[in-house]
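Next, two complexes with chain A in common: one pairs it with chain B, the other with chain C.
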Partner chain A sequence: MSEEAHGTSNYIKIWAILVVLLVLSVLGPMLGIQAVTLITAFGIAVVKAYMVAKKFMHISEAPKFITYLMVTCLVFMLLFVAGSAPDVFKSEGDNWKKTASWQYMPPEADHGAENH
Partner chain B sequence: MRPVATTRSTAGLPTGLLAVWWVVASEIVIFGGLLSSYIMYRLSHDAWAGQAANTNTWIGAFNTLVLLTSSLFAVLGHQAAEKGDGKKAARFLYYTIGGAATFVTVKALEWNMEISHGFTITASTFWSFYYTAAGIHALHVIAGAIIMAIVARDAAKGLELHRVELIGIYWHFVDIVWIFLFPLLYIAK
Partner chain C sequence: MAESIPSDATPAHDDHHHEEPSFASKYIFSTDHKMIAMQYMFTGMAMALIGGFMAYVFRMQLAFPGIDVPGYGLVTPANYNSLVTNHGTIMIFWVAMPVLIAAFGNFLIPLMCGCDDMVFPRINRLSYQIFLLSAIVLLGSFFVQGGGFGGAWTAYPPLSAKAEYSLTPLGSSIWLIAVALEFVAFLLGGINFVTTAMNARAPGMKLYDIPMVVWMIVIASILFMVSVGPLIAGAIMLLFDQVLGTAFYDPDRGGDPILWQHLFWFFGHPEVYVVLLPAVGITAEIITVFSRKKLFAYKTVLHTAIGTGVLSFTVWAHHQFIAGIDPRMAHVFTLTTLLISIPIAEMMFVYIATLYGGSIRLTTPMLWALAFIGEFLIGGVTGIFLGASGSDIYLHDTYFVLAHFHYTFYPIAIIGTMAGVTFWFPKMFGRHMNENLGKIHFWGSIIPFNFIFIPLFVLGLGGQHRRVFDYTNFPDLSLPWMQEFRVIATVALLVMLGFQILFLYNFFQSIFKGRKAERNPWNSNTLEWTTESPPPHGNWPELPTVYRGPYEYSVPGRDKDYWPQNEPV
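Then we have the complex of A and B:
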């Protein structure tokens, strides 16, 4: 990485870009168009996160295995999410069904057991 | 005696730097799981849009600006430490701590306002997620500020300057988490 990339003016320039992106992410959803909201809010969030990781954290200057480590953790986390997603999104499965009043009910206390 | 993290190098990285990257990797799973759970529930419960409408976008945007600015100070502190200027590095770290204090103060005022309107952690599942995600993040901000104060105290004396980079990496990650929390909690309504 060049000296210029680590210069004060370059860091301030990156910060200014991040602030402009923040303004866009606030103003975009005000249009009330769902596609624009998704792009300006979440698309810009991805860009901002990438810029902070690359320009401020200098992740690209760390050994390659650091990037692999981060990606591996992300992939494993997403696997856990994918595994539990059907329970959230589906309303019924092989041996279960969600009803309108579905909620967790604790098991009833076995008062008779106290006598034994 | 100098700390082990300063004198040893593992896998091509100083031990302290490697440890910080490991912390970040584990935090990806913690916050990633939390945010993914939020997204899943948000997509499957339309009523959450109505609940999210009660969060204040401008307060969230202001806190995002505060964290982005504090990240700039953290990286400028790292730059000063690399040049061996401990006093300047410490000064930038104190500015970063100022950002953390501002963030937490604004968050406290925001929560106070929301709780006074009846939006408590038990009000609904949305608010449970809201307080859990933002609360865990705020704890990370407070922890980072405390560690940064210790690092800054040493840096001002020209000691352990490599730690300025380590706390900076952690701080930028805390910033990244907020970058994703902001649109989820404040914009998607």
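Then we have the complex of A and C:
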């Protein structure tokens, strides 16, 4: 029983820390300094995600291989982002157009370019 | 670790009722892994018939354009698109997956690991119910306004995202929902396979004593779990594009159609290995039994399977070389794609080394297993041409690609399944299949298979594009020799489908009238052969203990040439 009560108080403590971090992550970007914005928005988000996973999702109490599995998934996610970033980021959806070949096409052909 | 298993893990048959179970408790709510395996298998077989019928219809249209196809009628362009789309979808998601992973996984994992059932029997039951629902939803899509989805099984937007392009306003959304439901079913099933194999093995069965097919199903389940996330996220975005008018994949409104291709193939390529690995595992079991030899390099096969699994996550963009991806990334993906052929080739060499010097018995399952090695190698080697971005620019979207992946998927889904079914049939039903009919069916399937797809390789090299309804509209693609090759492929398909009737006859006749099978008809070592055929509820009166690995055949100094895993020294 006492163990259970201890567990609950721990949850509340973690929750309180998360609320404080949330306030910081909202206030930080208001300063308008780029470095501070990045740290408070994304840095704190990472810390919060770590705390939620560790305490609320019980990764800390689960067998070690669960941690490895989670890390593996994270690695695969980064791999996916890295592999697709050159096509998807900054392309504004235009990569599917073969612009390099347009010079060989008759000038009056419509390639849908007027949409941009 | 065992204490972390929730209460659902209690064996389903704790309360042994010996009165005859009702129809509902025996078939609809049964949590027995063998019953669920059979249900997956029969559903998969029914879907295979539907998928095969679709192939028959569109191959008839391609060989004899405009013909009134017997049993179907006139094929319209919209029908054609819907048929090819759903043929691909059904054969991969509703045939290969349920039979190779779910049916064999459910049947074999508890029996080969020496436990009485899956660790989560009710989740297992739920998995099949959701799978059945997904099949019904998919088949239902043919009867809605506009008909079944016709945007190809890869569902590339913008074709799939807008009803005015695909002309299937409801069919495309129902297709997405069916696929999503099917994935839920396999996630639930996969949890069971991994947990059962890792936590519920018989006493004495160490990690390296696990039969290879169990390892392969476990690795395949993990690959599926890790890769399916991006596709489900992508599918939800596609569904939003279809029904809510969002623009994730619409380039006119700032979306990116290539994003879908990344999300799809990040799942889609590991998916090839998800179905390949169980077939590779089945082959390992069969060739060791019928060459009476130890599997050559057990650990190598296991480690290369894990290596293949990891590498399979790094190759996805080889499907997109000419989709407009960054050319620098094409170099990277060419390299990783060529790398992945190394572990697969290594596995094939291990199998050939296992056969070398063995006393080979050419039973029906062995014929299928040998055919798997031979035919899959052709599929693998032609993959090199497509994996290299330079040659893929020429071959992309031709029938060369189509013939290549049929040379991988046919060995996996049909040859692998047939090998497994003919091998474990005595254990599943307690009777033997007819060997002679089995061999006639084998040759009647393998020879026409090559006659279907070798002409398609040639047509692909000749520039024949995929997904064309009627080639007579394209003078370059309707030369007389090309049309002759299409007719050869179609006639071969008809012959192959005809021989499947022989299989169905042999299968169902043997279930009821076949020669009775004893416990261990093949003199095999693994645990499933130590119980009755078919195994009773709970599998063994007393659970077995394991003393050695699964492949101790022809051990010097023993009278018998096999040494069951549960036999004390």
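Just so we're on the same page, the second predicted complex is superposed on the first by the 81 of 116 C-alpha atoms of A that agree within 3 Å, B and C clash if a C-alpha of one lies under 4 Å from a C-alpha of the other, contacts with A are read in each partner's own complex, and residues count from 1 in each chain.
FYI, a residue touches a chain if its C-beta (ideal position, glycine included) is under 8 Å from a C-beta of that chain, and two chains touch if they have at least 3 such contacts.
The model shown is predicted, which means the values in this text are computed figures rather than measured ones.
In the superposed pair of complexes, A:53 makes contact with chain B only, with no contact to chain C. Between chain B and chain C, B touches the greater number of residues of chain A.
Of the two partner chains placed around the shared chain by superposition, chain B and chain C are both touched by A:80. By the touch criterion stated above, A:12 is placed in contact with chain B alone, chain C being left untouched. Contact with chain B, but none with chain C, is seen for A:42 once the two complexes are overlaid on the shared chain. Once the two complexes are laid over each other on the shared chain, residue contacts for A:88 go to chain B and to chain C alike.
Contacts of A:68 after superposition: neither chain B nor chain C is touched.
Legend: residue contacts after superposition of the two complexes on their common chain; A:22 is shown touching chain B, with no touch to chain C. Once the two complexes are overlaid on chain A, the chain A residues touched by chain B in the first and by chain C in the second are 62-63, 72-73, 76, 80, 84, 88. Residues 1, 4, 226-227, 229-230, 250-252, 254-259, 262, 266, 313-314, 316-317, 323-326, 328-329, 332-333 of chain C touch chain A in their complex.
Those residues of chain B lying in contact with chain A across their complex are 11-13, 17, 21-22, 24-26, 28-29, 32-33, 36-37, 40-41, 43-44, 57, 61, 64-65, 68-69, 71-72, 74-76, 79, 82, 168-169, 172-173, 175-176, 179-180, 182-183, 187-189.
Note for the complex: chain A touches chain C at residues 62-63, 72-73, 76, 79-80, 83-84, 86-88, 91-98, 115.
Residues 6, 8, 11-12, 14-15, 18-19, 22, 25-26, 29, 37, 41-42, 44-45, 48-49, 52-53, 55-57, 62-63, 65-66, 69-70, 72-74, 76-78, 80-81, 84-85, 88-89 of chain A are the ones that touch chain B when the two sit in their complex.
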